[in-house]
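Labels A, B and C are assigned to the chains in the order they are written; within every chain, residues are numbered from 1.
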Amino acid sequence: MTAVVHGWDRLADRNPFVGFVDACLRGPAQVVFQNNPLTGLLILVAVAWGAVENGQPRIFGGGVVGLLVGTATAVVLRADNASLRKGLFGFSPFLTGIAVPTFLDDRPLMWLYLVLGAIATTVVTLALNTIFKTWGLTAFTMPFVLTTWVLLMAAYQFDRFTVLTNLKPMFPGEGQLTGGRFDWDLIPTFLRGVSQVFLINSWVTGLIILVALLINSRWSALFAVVGAVGATLLALWFGADAASLDKGLFGFNAVLTAIAVGAVLHRPGALVTVYTLFGIALTLFVQLALATVLTPLGIPVLTGPFNIATWLLLLPRRHFAPVPNHERVKESVVSAVRHTV
Amino acid sequence: MTAVVHGWDRLADRNPFVGFVDACLRGPAQVVFQNNPLTGLLILVAVAWGAVENGQPRIFGGGVVGLLVGTATAVVLRADNASLRKGLFGFSPFLTGIAVPTFLDDRPLMWLYLVLGAIATTVVTLALNTIFKTWGLTAFTMPFVLTTWVLLMAAYQFDRFTVLTNLKPMFPGEGQLTGGRFDWDLIPTFLRGVSQVFLINSWVTGLIILVALLINSRWSALFAVVGAVGATLLALWFGADAASLDKGLFGFNAVLTAIAVGAVLHRPGALVTVYTLFGIALTLFVQLALATVLTPLGIPVLTGPFNIATWLLLLPRRHFAPVPNHERVKESVVSAVRHTV
Amino acid sequence: MTAVVHGWDRLADRNPFVGFVDACLRGPAQVVFQNNPLTGLLILVAVAWGAVENGQPRIFGGGVVGLLVGTATAVVLRADNASLRKGLFGFSPFLTGIAVPTFLDDRPLMWLYLVLGAIATTVVTLALNTIFKTWGLTAFTMPFVLTTWVLLMAAYQFDRFTVLTNLKPMFPGEGQLTGGRFDWDLIPTFLRGVSQVFLINSWVTGLIILVALLINSRWSALFAVVGAVGATLLALWFGADAASLDKGLFGFNAVLTAIAVGAVLHRPGALVTVYTLFGIALTLFVQLALATVLTPLGIPVLTGPFNIATWLLLLPRRHFAPVPNHERVKESVVSAVRHTV
């Protein structure tokens, strides 16, 4: 296994085409802060499964197109090659490519819109990274969030598109808060919290993603579970909407915050874990506040809350006391965060 | 008196517990840019009076809890000790602690929410200060504003909370502009403009706060009055809502801008006074614009307009010609602004 | 002709009054990134023509007052003299001065509001330039956009003003998308796209502005046309509102992006042109998304979309391969962008 991995890495270094494929495979893995083509491949399988299970294979197609176009745009714009090879220009366009066919009706023009959106996502990634570099941060998935918000809100003004978000614009507090009864079947709910990171509602997809995390970083897999469980239980306690809760919609942002803050961007440890638990609560509150802000516009929060909460948690630059970590994050995003243009 | 003050200062330097109490006392004073534990103590008295007068003593309790939790969070996160000792990590959580029981109904879960909010306010203070340091500024009370907005907007989505802002979400221009007749009893209105800095509607509270200012800086007390009078008269002239005007709601943001721009962050003088008068008008216009933005969400502007207007007035970094100032701002926030992490 | 220009330049250098007039003339030209008093004079003629044609000469008067007050404010605040002389403190207040009488009813108090707005525009220009300098950018026309938004949204809360934007606050998707039938009379529509940069609906005004561009930079005139044509055709293809399209309202933001990205801030060339065409699409999508955001507030997008799109396109700092450019942009905004405080 290790020999195969090393062989692939050497091939990717020598052959530009294999290098491009390698970068594209690492894209889906970088959504969850992993730099591993096998993790990315498994996530592609997970998304394909979920798309087919929900009867919308074009969602998987959109993701692949977004991944290829976004990464190719970074090549054309001569983005930093080291970041490019790590898949850091693939993860946001991959998500944009999933989001566009999820929220817009199927028609040929949608695919042109998706391609323009993927190009825009890479331009916005380069732009926001320039800004966030000032404070030692990167744009995370915010380029995906901003670009997708723009595409959806512009679609309201185009006769040719229909927005399918199931969110009717209204005033906060007008909607029925509890759209369904919660069945207390919690394990699938937690797993759907993981799958919703990729806008997929499927516990099988969530399970495959956890395996994909596990083969690269046990800490990341553990904190993904902690994030999904913690945020879902907190939402349950405070009485958030049961229908959304069941779909895992209160889990996915906290999953990303927990991996980033608890496992990847700090050394895992006791103090860091306490900070991460607080971060999970912060992410949930920011998510529900952002949902209120977006209620009159009828668009979804996407992973905006994760980005906002994680920036707020990282900006104080508290260097928690080093603790022994049993699993080295070999080539972690920490350095990627530092070196990205 | 001076001997007592010096004795207290020495005790606070030596004894960590007294030092923590001293930092907590300076917190309420730093809301109005004063670094003086006696000013802070008087403001605590003023807030307690107003809370009891309005039949809601739990508002004062919330403020004290916020102050203690927020300052303690800064200790745990090893924030810059000099800033901590000046009360610069207490003033925003103090306001968050006042706001939560003001705008949410009373129940045990509200107190947990308040504690999490106070912790978040300190994290956001550290985060925003990192950003604003880039341009030689600090976050002022924006961490309180952002955290409280998040807590209120998230509360809309929780079955367990009821938001009590008296602001029904609607479209701008839909509401009856003049909710009441103005009685031209102006002096109490000006004093309520001062008390509203701490979300209190009481002219007695406003008067005690002016005394608290006076014992530390005459210029600050003077400009607080100029801000309250100027903004209230301008709002009256332009025909703003009379019911809000009577409660002092058009005064409190301008009070803060006037103290900051006119008395503390520049040397008081003729040109600075003209700039401050313009700043009072700017603050009022920003406040009413922000009220329009927040109308569909049904949440209050808090001290957001003061923060926005004062950043805009300070960012040009116009170094007005030095003028003799008869009262030295001894250990002013100017240096705090420079040295805060 | 050249002798006259040189004579004027020498006079402006020697005589402070002529220098002020020269700076004021360059203001309107800097809206479209030209540093030429003759271009500015022609644009003043174009705006005057449009204002009279639409029966609202006070709009031209407002522009002139804004230009004079904004530039004078920069003198009083001792702004960077080189930038001041290039008209870089005149262009945003000029637009604020046009916008206020366009969107508010005529009454004496409106003129005081306009003067305060012009002063605020210059303060905001100095403030935002301090921030954007961090990333090698300037504030473009965003100070005009932000100040005008504040003035309009505050006017909702003042009994003395009536907002005349023809935009009733509503939820996105509620309005009739196609408010009128498009007559396919495209050339005047393209020209109105140019005139709407100055909030004027007149093809004659658009034609005069193109001439004003042509006498300073052929590339700028060319890309202005490319922007207006490209964005209008794209909006037509995707099915945007026909009534707005006919008025040129989908053209003006793209006109500014195209001049900035295609002709002034990069050397014109093949790759830059492709990037600019993408930028025109990005500007249109951002414009329609921003229109959706502002629908519940009932205020217009102004040139906000141009600013956002152009910042996003410039922040990646892609230095496209140098290509021969047949027309030198002599004293371009590129250097202005670098040197402005």
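Keep in mind that, in the parts below, contacts are C-beta pairs under 8 Å (C-beta built on N, C-alpha and C of every residue); 3 or more make two chains touch, one makes a residue touch a chain.
The model shown is predicted, which means the values in this text are computed figures rather than measured ones.
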Same or different: at the subunit A/subunit B interface, is the fraction of residue numbers used by both copies above or below half?
different
Which angle of rotation, from 0 to 180°, maps the CA atoms of subunit A onto the equivalent atoms of subunit C, to the nearest 5?
120
How many angstrom between the C-alpha centroids of subunit B and subunit A?
37
Multi-chain contacts only, two chains or more: what residues does subunit A have there?
134, 296
Under the stated contact criterion, what part of subunit C meets subunit A in this complex?
134-135, 171-174, 177-178, 238-241, 278, 281-282, 284-293, 296, 311-313, 315-318
Interfacial residue positions of subunit B with respect to subunit A in the complex:
77-79, 109, 116, 119-120, 123-124, 126-128, 130-131, 134, 149-154, 156-161, 163, 169-170, 296-298
